[in-house]
Structure formats: C-alpha cells, structure tokens
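Shared between the two complexes below is chain A, which pairs with chain B and chain C, respectively.
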Partner chain A sequence: MPTTTLPEEKTSEKIDHDAVWNVVVHNDPINLMSYVVLIFMRVFGYPRERAHKHMLEVHHKGRSIVWTGPREPAELYVQQLHSHLLLATLEKAPAPE
Partner chain B sequence: MNAYTAPDGSIHLSDIPPVVQELLESIPLHAESDSAQVEARFFPDPIAPEANDPVAEDWKAFVVPDLHSAFLSARQTVAADLRNLHPQEDAKGLAMEIPRAHLDDWLNALNQARLAIAAEFRFEEEDLEEDPSPHDDSPRSLALAQIHFFGVLQEYLVDQME
Partner chain C sequence: MPGLLPTLFETDCAPPVVEVSCRQRAVPCDLNRIVRLVNAALPLCLVAARSLGGPLAGLASVEGSIVGPRAMARVHRDHLGIPGATDVITFPYGEILVCASVAAARASDFGNPVTDEIALYFIHGLLHLAGHDDILPADAARMASAQQEILDSARRMVDPAS
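Moving on to the complex of A and B:
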C-alpha cells in the first residue's frame, strides 16, 4: 500500500490570527513632520491632535504604536503606510497577563 | 518662484527661473535609481526578519509590485504636469499649474525624490540640519540643497491640503 508523506508543518511560519498585532511606525529623518501627521490623519482617520502625538513619539522615541488590532487590517495599514513611504512594521502585541 | 492656490484648489507656480525649472524637472528622475539603498528604503520589510513570518515572502510577491506601480504612476503624473511649464507673458520666468487632483501624486513624488537622494548619499539626521553652503558645489552639498528645496515645496503642498 502506498504511503503518503505529509508535508512537515513549519510551526515557525504559522500566523497567529487570534493574536493582537501592533502597527509600528519607525523614525525616518527625511519624512517631514507635517507630512507624517497628514498621513496618520488620512490612513487612520485620527484627529490632528492624536496624529501629532504619534508623530512626536516617532520623532523623539524612534517608534510609535499607531494602531493595535487583528492581523488582517494591521497588514493593510502597513501596506498603506508603505505606499506613503513611511517605515512601518507589524509586531505581535504581547499577550495580556 | 511664487506660488498661490486658486479657488479650485489648484496650485499655480510662477516666476520660475531656469535653476528652479531644472530642480522641478528632476523630481521624477531621482527615484528611477536602481541602487540597492533606494530599493531597500522604498520597499522595507513589513515585519522584522527574526519573526520568521510568511507575510514577508507574500509581501515581495504581491505588495511590492503594487507599490512599484503606484510610485511610478505618481512620478508619471508629475512628469506630465512638468511638461506644461511655459514662458510667462511678462517674460519673468516660467509658470505652471498643479491640478488639485494631482497634489497627492506630487507629495508622493517629492517624498520619493527626497528619500532616494538621502538613501544614495546616506544622509543622517544631523546632515539634514546643516544648511547647504552656497560656496560648496560638491555633489553631496547639491544633493542636500535639493532635499531642502523639495522639502519646502512639499511643506507648501501639505499646508494647502489641510
């Protein structure tokens, strides 16, 4: 009887869709502050004050978590930020204690 | 160079001298570079490599080509607008119009140009705080002047869009 070898499951490549993900924007000295604020307002619909607060956090601390939530929208937000040439990444949010 | 915003939201640039004409016409060209530094800056990883997440491969296959197209489209819009540079009747320089519908593409193309130059010359934050010297005509100093000029124009466009 022929045997079938199941492909080895790559556990490291599994996406944890139940996890909560952060969208992180990283500092880039070239992007203008006013431009970054405009993009945060447009992409996330944030009011100016909140967009400005995130921009300052990026500028002073090197990064800011600009959005937290499910994986799929997080990926879409990173894609939109990249389309505006902002440095953004996905990060799995730490599990709540 | 003078700039004003018409009631319909279009931007009118006038009294453009030859040196500024040259700078404007260079906007769509900087990002045509195929240097590895520019490529890395324009298409960063969506997740840290150590996360070993499959999205990184999918990103290269599906998202990066879309970004390539979007960036090219923005540059093509700007290049087309720049072909409308024309002499003013008073012969004080050249003039042109940026339609309101093209402002996003201009912002994007200006950002591409600034980032591409900065990546090519490996400018750091402290480099950008320097004022370009009018007595220094080295390629690095000229590149810094270009980044500053494009930044001023970008800032003006952002102001008009708010």
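Moving on to the complex of A and C:
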C-alpha cells in the first residue's frame, strides 16, 4: 500500500502576543483643532492639556502617537477615531532595546 | 546692530503665521481682505502681547476659521458648556473661530461691511491671545477700544487711499 508523505506545514507568520501597537493620528485639512481636542478627550479620556498636546503635534508635525498598547484595544481606538472622521492608523511599535 | 533696530518684533522667536479659512457659504465675505487686515493687525497685537504677557508671541501659528452658526453653537456647547452660537471663540493654543452669521447681523446693526466685522472679531481673538481679558466691564471696554484702534490702523495699511 503506497504511503503519502505530506509536506510539513509551516505558518508564515507568528502571532506576537507581546507586541505593542501605536495609534497614530495624521493631520487633515478638514477638522477644526478644537474638534480634534474634543475627540481625543472623549475617545481616550485624556485631560484637556494632554489632548491639546497631541492635537498640536498633529498640527505642526503632521502626526502624533496618541496611544500605545496591545493590538485589540488599539484597533478599537482606530475604529472609534475613524467614526469621528479623524485620519488614524495602526503601527507596530518598535521593540524595546 | 543691537539697540538700533526697531523693537516691534524683538521677541525670542518668529511671529506666528496667521491663516484664515472660510468654512461656510451662507454669508458672503472677502476672505482675501480679511487675511490682509488680520496680518496688518498682527504686529500691533504682538506689541500688546509684549506688555500683557499672553501666549501670542510664543505661538508658531494661529489658525482662524470662519464658521456657520451650527458649527459655532457646537463648539460653544462642547467646550464652554453654553448653548447657542456666539461671535468669536479663542483657544489659547492658537485657534480663533468667528461666526459669520453673528458678524453679519451685528454688521448690519452698525452699518459696517461684514468683511471688516469678521476681521474685527479675529483681532479680538488675537488680543485675547495677547493677554487681554473682557470679563470685567472695565477690561472689556479697554479691549473693545484697543481692537477698534487696531482695526482702524489695519484699514489704513490695507486701504492707503482712504
């Protein structure tokens, strides 16, 4: 009886459960600065001063890392920011040295 | 040479860049003239900032927006907890919002061009950033007088023939 040897399957991607992700907000020409401050306060619960700091970073540097942490809540934050019409992306944070 | 140059811009950093955009269509206004009036007013507001110590001179930019009554009422409610539109809201990080419909109503009351009324509100916002306050009646009167003088000076620069 012939035997068949199946090739060993290898997954191409390992899930790194320890990885941390950055939620990045990008500058846009539409939203008022005060609106962006308000959304940062509502979505992340940031105090006004911290929300100002991130908004000004977006305004002057084009982007700001507004939150860093596990992938699942980071994705949720990006979705919430999109629902408020902010340009937000998810980036893998560099591994610590 | 130190000591011989005019002292108007004698600050540690460059003056802020003031940008104005119009985000409403209900009230026609001359955005180009508003930008020229506001930029003509800026050096005078910076002089006020030097004596009053407001954040204006340290800002990299000031973003001005002309908005409609609904947008203004939303910001008024969300940030100040007050319902309804208002004429101008200034944020200390360098954002000034002016409501075009409020400006149009007041401009017709006083027989002024709406464009110049909107510029006056932006000057009001710049003076807040310069350190002016209008909570007490005496301060409000001082501020009203300063903003009108600055608008008049800006008009002389923008309309030299008048």
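Keep in mind that, in the parts below, the second predicted complex is superposed on the first by the 80 of 97 C-alpha atoms of A that agree within 3 Å, B and C clash if a C-alpha of one lies under 4 Å from a C-alpha of the other, contacts with A are read in each partner's own complex, and residues count from 1 in each chain.
Throughout what follows, contacts are C-beta pairs under 8 Å (C-beta built on N, C-alpha and C of every residue); 3 or more make two chains touch, one makes a residue touch a chain.
If you're wondering where the values come from, they're calculated on a predicted model, not measured in any experiment.
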Q) Between chain B (first) and chain C (second), which does A:89 come into contact with in this model arrangement: first, second, both, or neither? A) first
_Once chain A of both complexes is superposed, is A:79 in touch with chain B (first), chain C (second), both, or neither?_
first
Does chain B (first) or chain C (second) touch A:65, or do both, or does neither?
neither
Max touched-residue count on chain A (chain B vs chain C) belongs to chain B
- Message: Looking at A:32 after the superposition, I want to know if it touches chain B, chain C, both of them or none. Which is it: first, second, both, neither?
- Response: both
Message: On the A-aligned overlay, A:19 touches which partner chain: chain B = first, chain C = second, or both, or neither?
response: neither
Contacts of chain A common to chain B and chain C in the A-superposed view 32, 34-35, 38
Per the touch rule above, chain A residues touching chain C in the complex are 32-35, 37-38, 52, 55-56, 59-60
Seen from chain B, its contact residues with chain A in the complex are 42-48, 51-55, 63, 67, 70, 107-108, 111-112, 114-115, 118, 123-125, 128, 147, 151, 154-155, 158-159, 161-162
Touching chain B in the complex, chain A uses residues 12-13, 15, 28-32, 34-35, 38, 75, 78-79, 82-85, 87-92
Given the complex, residues on chain C that touch chain A span 23, 60-61, 63, 65, 67, 71, 75, 78-79, 89, 91, 93-95, 97
